[in-house]
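Please find one structure pasted underneath; my questions will follow.
Chain naming follows the written order as A, B, C and D, and within any one chain the residues start at number 1.
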Amino acid sequence: MKPTTFDARSEIYRNKSQTTARLRNLSIFVFSILLLAYVLGPIAWLLSSSFQTEAEIVSVPPHWIPDEPTLKNFEAIFFSEFEEVTYDTRKKADPVSGGYIPSTAKDLLPSMWNSFLVSIAVVMLNLFVGVPAAYAMAKIRFWGRDGTIYTILTTRVIPDIALVVPFFLVIKNLGLLDHIASLIVTYLAVTVPFTVFILVSFFESLPDELDKAARVDGCSRLQTLNKVFLPLSLPSLVAVMLFAFLTSWNEFLLALMFTQTIASQTLPIIVAGFTSDFTISFSFINAAGVIAVIPPVVLAVMFERYIVSGLTAGAVKG
Amino acid sequence: MSNQFKNLNRRDFLKKTAAAGALGALGANGLITQAMAAGDTVHFMAWSAAVDLVKSHVAEFQKVTGINVNYSNAPWAQYRDNLITKFVGNAPIDMMWVSDAWLPEWAEAGWIKPVDKFDNLMKYNAEAEKFCNDSMTYKGSQYGLTYYTDFMAFLYDDEALKKAGISNPPKSWDEVTEQCLKIKNAGIAEYPLMLALAQESWLIEFLAAMTYSHGGNFTDDKGNSIMQDPKEGAVRALQWVVDAVHKHKIVSPASVEIGELTGLKAFASGNHAFALEPKYRMRTLNDPKQSKIAGRVKQALMPMGMDGSHATVGWMRFHGMSASAAADKTRAENTARLIEWFGGKANGEYKFQKYLFTDIGAGFGVKPLFNDADVQNAYNSYADVNIIKEQQALARKKDVVTPWFGEWNEVHGSSWQAAILQKATPAEAMAKAGKKWDELKKEMG
Amino acid sequence: MRSSPKRDIKFRLARRFDYESRSAALFILPVMSVLAIVAVFPILYSFYTSFFNLKLTRPHRVPFVWFDNYIKVLSDELFWASVSRTVSFTVMSVAAILVLSLSIAILLNESFRGRRLLSAIILIPWAIPTVANGLLWKWIYDSGFGALNGLLFQLGIIDSYITWLGDSDKTIPLISNSFVWKEVPLAAILILVTMKSIPEDLYRAAKVDGANVFKRFIHITIPSLKPGFMLVMIYETMMAIRHFDLFFLLTEGGPAEASHVVSWQIYVETFRNLSFGTGSAMSYILALVTFALAYFIIRTLGSKL
Amino acid sequence: MARILFDNVTKYYGAVKAVDCLDLDIHDREFLVLLGPSGCGKTTTLNMIAGLEDLSEGDIYFDDQVVNFMPPHKRDVAMVFQSYALYPHKNVYDNIGFGLKMRKYDAAETDRLVRDAAERLEISHLLQRRPSQLSGGQRQRVALGRAMVRQPSVFLMDEPLSNLDAALRISMRAEIKELHKSMQTTFVYVTHDQAEALTLADRIVVMKDGIVQQIGTPDEIYEHPKNLFVASFLGNPPINLLEGSIVVKENKTLFRKGDFTINFSAEVSEKIAQYAGHEVILGIRPEDVDEKNAAVFGQGIAGLVDTVLPMGSEQYLSMHIEGSEVFFRVGKELRHRDGDEVNLAVNINRLHVFDKRSTLNLIWA
């Protein structure tokens, strides 16, 4: 909605508008604050605890602002130098001490890179595979169209737990164990049904006549999609990209099964590895969580404006 | 009606289904070639504990033997699921860490194989704790060498007791109640006894320790359930916990959500006077860098219940050999050498078990290490070796470790929790657990 | 000339394989091949499994048992108790997600200073890896050290620490809260995108017709949001019904059976009990219900699907 | 440049026949209007020409070529849509030039054609605007420009004026007619507005329920409607209809409804004498009466005027004949008031007689 415009001729009307505008601003402010509290509360705690020592994190009541903020959790992640692990260089203490960071901390950045590669590949493939399918289902009347939609949906109604073992068999038979390609392929299968679903519903909301106009204007189906539908669906494309990226970024169960070494392990696996039979460092895991959040949020900020810009106005009538 | 239809064994089943998926064509020469099936490499899978120590020990092994080791690990919480998937999917694994509780089911499933025929491994049995050897044995065969072993210990904060005017730690559970009330009334701790009873893999160890110290058993010599028998200890142990939570209020009602690790942190923060903890936690608890009650934590023998003893539960984890490794002579031999390197002697000493103890405090399963100077020094710095030895001798294997342990364990754990939440009486709860046991035994025994 | 059967067949072939059908087939081919390679086999395999008494600890006896596994699951009291917990978890989660995401979308659809910052912040929960998220909430809910108790205590709302996850009446709502917190960003974005695709002309026309903000909301925004609502409902219902991670990380089904939901039972049956047959049967019952729900939602809210 | 031939074309949507056995020959450079109420199949027919809908049976020819399943971008057609369907993300210039770009015109040529078209449509000053910044009439012009710039061999329009206000609609009609003249190409125009059809068309195709009712020039359609539907669909105010029967009496053929009778001309009598005794519907167009010349016996309508509706240059009289309401249009020369008695002469050469059962026109069918 456009900002309220004032009608200069009518004083009464202007006063009324001003009251409405004030009320609007106030409610926006109040709701924003409530929302921030709800969303940021846990995040603030995540951030704060990542700067605390393991001893401080268990204080009662909690220290919202660290007494002695420490950067060592982050130092361990960013500056740990690779050393050959021998009896002499091994870490000896118990991680609970807080003075100790697991040596796998140095795997965090490489694993993040793996996660990034996987997520980006999944996003690209999602668009490549999902966009044409969604367009076809939304705008082309072909035999078996309804069937196609429900078939695609069917692939996502079965709980992943039941699919872990057969997924593993497929990946093993494809020879992809411990390779990031295994994750790209499976995440694609996991995300693409919803990608298609989201895009179908968006494409359907675009007027049919736009499609017809483009085709009469000389576009093949592919050109119609590229030149007319894609530019108009940027918001939903960005939503879909975020969806595919974050689903891949966060996935844990399948990555755990398919990957074994840092050649292919993704961020969630390394983070989960910071917990062990003997110990866990919450502050360190929280630091890892903080770092994990950064790339997706940066991406989201970069693409955010495409989500909130409406593009379809003016297509029809008026 | 079912048996007239085809009886497949699991391997056929998998083969047929894989073929049905028409994946053979795709799979035979996978898109990316794997170095994983190579015979010279030993694939070693562990949970992510003591990662650096394992790495250093593996590096030394490679240097000494020239055998390549592919070491990978998974978080403890998902380790078992991960391995099951890999076993079912026939992924290359040669040596892996196994918990005593999983031995029967993994052996029955045909995933791990006995190591009896390797003399270089069996020779260590003479120096090993009998408890460990028993725990690695199923149907008369031994399945590996010890990785670590420990038992549930009764710990107390000496100073808290003194403050409340208590000079000696409790000898029986009734005394525990008395002393707790004293401490509670003195305002030293709201919930003097820390019990970590959340649903997790530790739960059975706590419950078994409570049950054994109350003189109870879960099963009799023939493996039939007696846990539900009110004359036996389990019901009494549970009744004691329920009373402690609701009648005396000396154990927090939140104990059903407290895991072992959180409980440890709570105890280390000085919030409690008594705690049931794995013995190796004494190292952490008496370390000033990690604990606010460092130097004050002492061990007492497990309190006795009525007709009870000071018995506690023990557990162990071991290095096992996979069925696929055992099937191939070279692979089996290489794997056995790695098992020896970890569970037995490396370069003439029990190096891994020793370092695991000095690094983390995890108990070892070979007696000679008690005489090691480093070990003695370490122990004496935070614990009383005599009590440890005495308690260790009273540690008992869980009498419920069977192929259906996992399934029963779920029901048993939630029965205890239900009783603590007062959704069932202790008798009802244990009756449910016992009934489940009988069903499973009948079905699978 | 027209009615000759030969011509008929040619005509029909031409019609079935006309440009439209050919392009549709070409457009759908990639998605279908991906699903065929990766998804079809696992689904058929697990479905096949559900007809066998497949217990991994008993590898030499795997009889084909027809629908025994299904009958066994459906006659299990624990299963039905789990179903009711799954239902309450799903209902409370999806309802909360819908209300919250709609409110957020409406907010972000307004223009005000700080909107971009706000929309970036709102995305953060979505970006935290599941494992870190689970551990974060576990730590927040902890009855001893937890931030929740600490905060409420410091604010004077409670005078002594409360048992959170350990209180079987609070377990499901608390897990649901963590779930909602993580799911809301996606839902809000989907609704926002739908909102943004409502042609502004519609609003302008309505303004000219004298409709006030409220009326415009009821008559234009709400009906136009149907596709977005449908997406969110289907996606979140499917996610909530099958949700597993938080149950695993926070409570492992406990205390007692307070958070023993169907997805948790499937996990226990499959990986703890090693009963792949009944585990698969349970999964397919859940899948059928999920599909039926999705179908129902599409039929009620979907425009042309 | 293009003759379009429908040979027995049928289109089903599921079980519904949208177009039923359509035979239609659209001449080259003709302005053909498809006229009918909504849902009559006219838009479907148009879409089939464009290739936007496939056909279920039959053949469509462009000149001598069968184009049954030729996709739209391979056909040399342009189309203006009812909703205009402008590309919201492109400005006016790009909207108009899009079709040329897709057909690989070079940039200079495109530019020239787009600017020419814009000039003709008087929208040159809008070229940089987005559709959302245009008024309805401007959007309409852009849509027209987008179609005409291509100089297609077939120009299709789907109710292009229906979203415009009345005044604009009438001026646009003239412009479209002008456009047809200058473009020298085949126009197929869909509308439900009979006035539009009558003004624009070389020939009109009247459709109902997927079936062609009549094809002919506007005059043929208006003067000689083949059935009751065509007769009543065209004309404003609509044709007056009276139910009655045909009577042959004393060598004269006449129509009777109760006490009201009217004689047919000799020419007409010859054609319909055979239907003596049939139930029929008599149609009299409101303008086919005259009050200046006194009515001959049996060829007039006498009665009281219920209401007088002055219409500027003329006036309408509402009357009742045997209980049925009728309207007649008369000149302004005589001033009438409500309740006046009038005597109107009917032009008996322009009467229509429809069979009540088949609704066919018994005179012209």
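By our rule, contacts are C-beta pairs under 8 Å (C-beta built on N, C-alpha and C of every residue); 3 or more make two chains touch, one makes a residue touch a chain.
Just so you know, these numbers come straight off a predicted model, no measurement behind them.
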| item | value |
| --- | --- |
| Of A-D and C-D, pair with higher C-beta contact tally | A-D |
| For chain C paired with chain D, centre-to-centre distance based on mean C-alpha positions, whole Å | 54 |
| Rounded Å distance, chain B centre to chain D centre (Cα mean) | 89 |
| Between chain D and chain A, distance of the C-alpha-averaged centres to the nearest whole Å | 57 |
| Geometric centre distance via CA averages, chain C-chain A, whole Å | 15 |
| Contacts with two or more other chains, residues of chain C listed in rising order | 19-20, 37, 40-41, 45, 144-145, 200-201, 271 |
| Contacts with 2+ other chains: residues of chain B | 21, 23, 26, 77, 81, 88, 265-266, 269, 271 |
| Contacts with two or more other chains, residues of chain D listed in rising order | 71, 132 |
| Topology of the chain contact graph, where touching chains are joined (line, ring, star, complete, other) | other |
| Listing of all chain pairs that touch each other, if any do | A-B, A-C, A-D, B-C, C-D |
| Residues on chain C engaged by chain A in the complex (per definition of touch) | 16, 19-21, 23-28, 30-32, 34-35, 37-43, 45-46, 103-104, 107-112, 114-116, 118-133, 135-137, 139-140, 144-147, 150-151, 153-154, 181, 186, 189-190, 192-194, 196-201, 203, 213, 227-228, 230-231, 234-235, 238, 242, 244-245, 263, 266-267, 270-271, 276, 279-280, 282-284, 286-288, 290-291, 294-295, 302-305 |
| Residues of chain A defined as touching chain D within the complex | 207, 209-210, 212-221, 223, 227-228, 231-232, 311-318 |
| Chain C-touching residues of chain A, taken from the complex the two chains share | 1-3, 20, 24-25, 28, 31-32, 35-36, 38-43, 45-46, 49, 57-62, 125, 128-130, 132-133, 135-137, 140-143, 145-146, 148-163, 165-167, 169-170, 185-186, 188-189, 192-194, 196-198, 200-202, 204-206, 220-222, 235-236, 238-239, 242-243, 246, 249-253, 267-268, 271-272, 275, 280, 282, 285-286, 288-289, 292-293, 296-297, 300-301, 304-305, 307-318 |
| Contacting residues of chain C [partner chain B, same complex] | 37, 40-41, 44-45, 48-49, 52-66, 68, 141-145, 163-168, 248, 251-258, 260, 268, 271-275 |
| Of all residues in chain D, those that touch chain A in their complex | 47, 50-52, 71-73, 77-79, 81-89, 98-99, 102-103, 130-136, 139, 146, 150, 156, 163 |
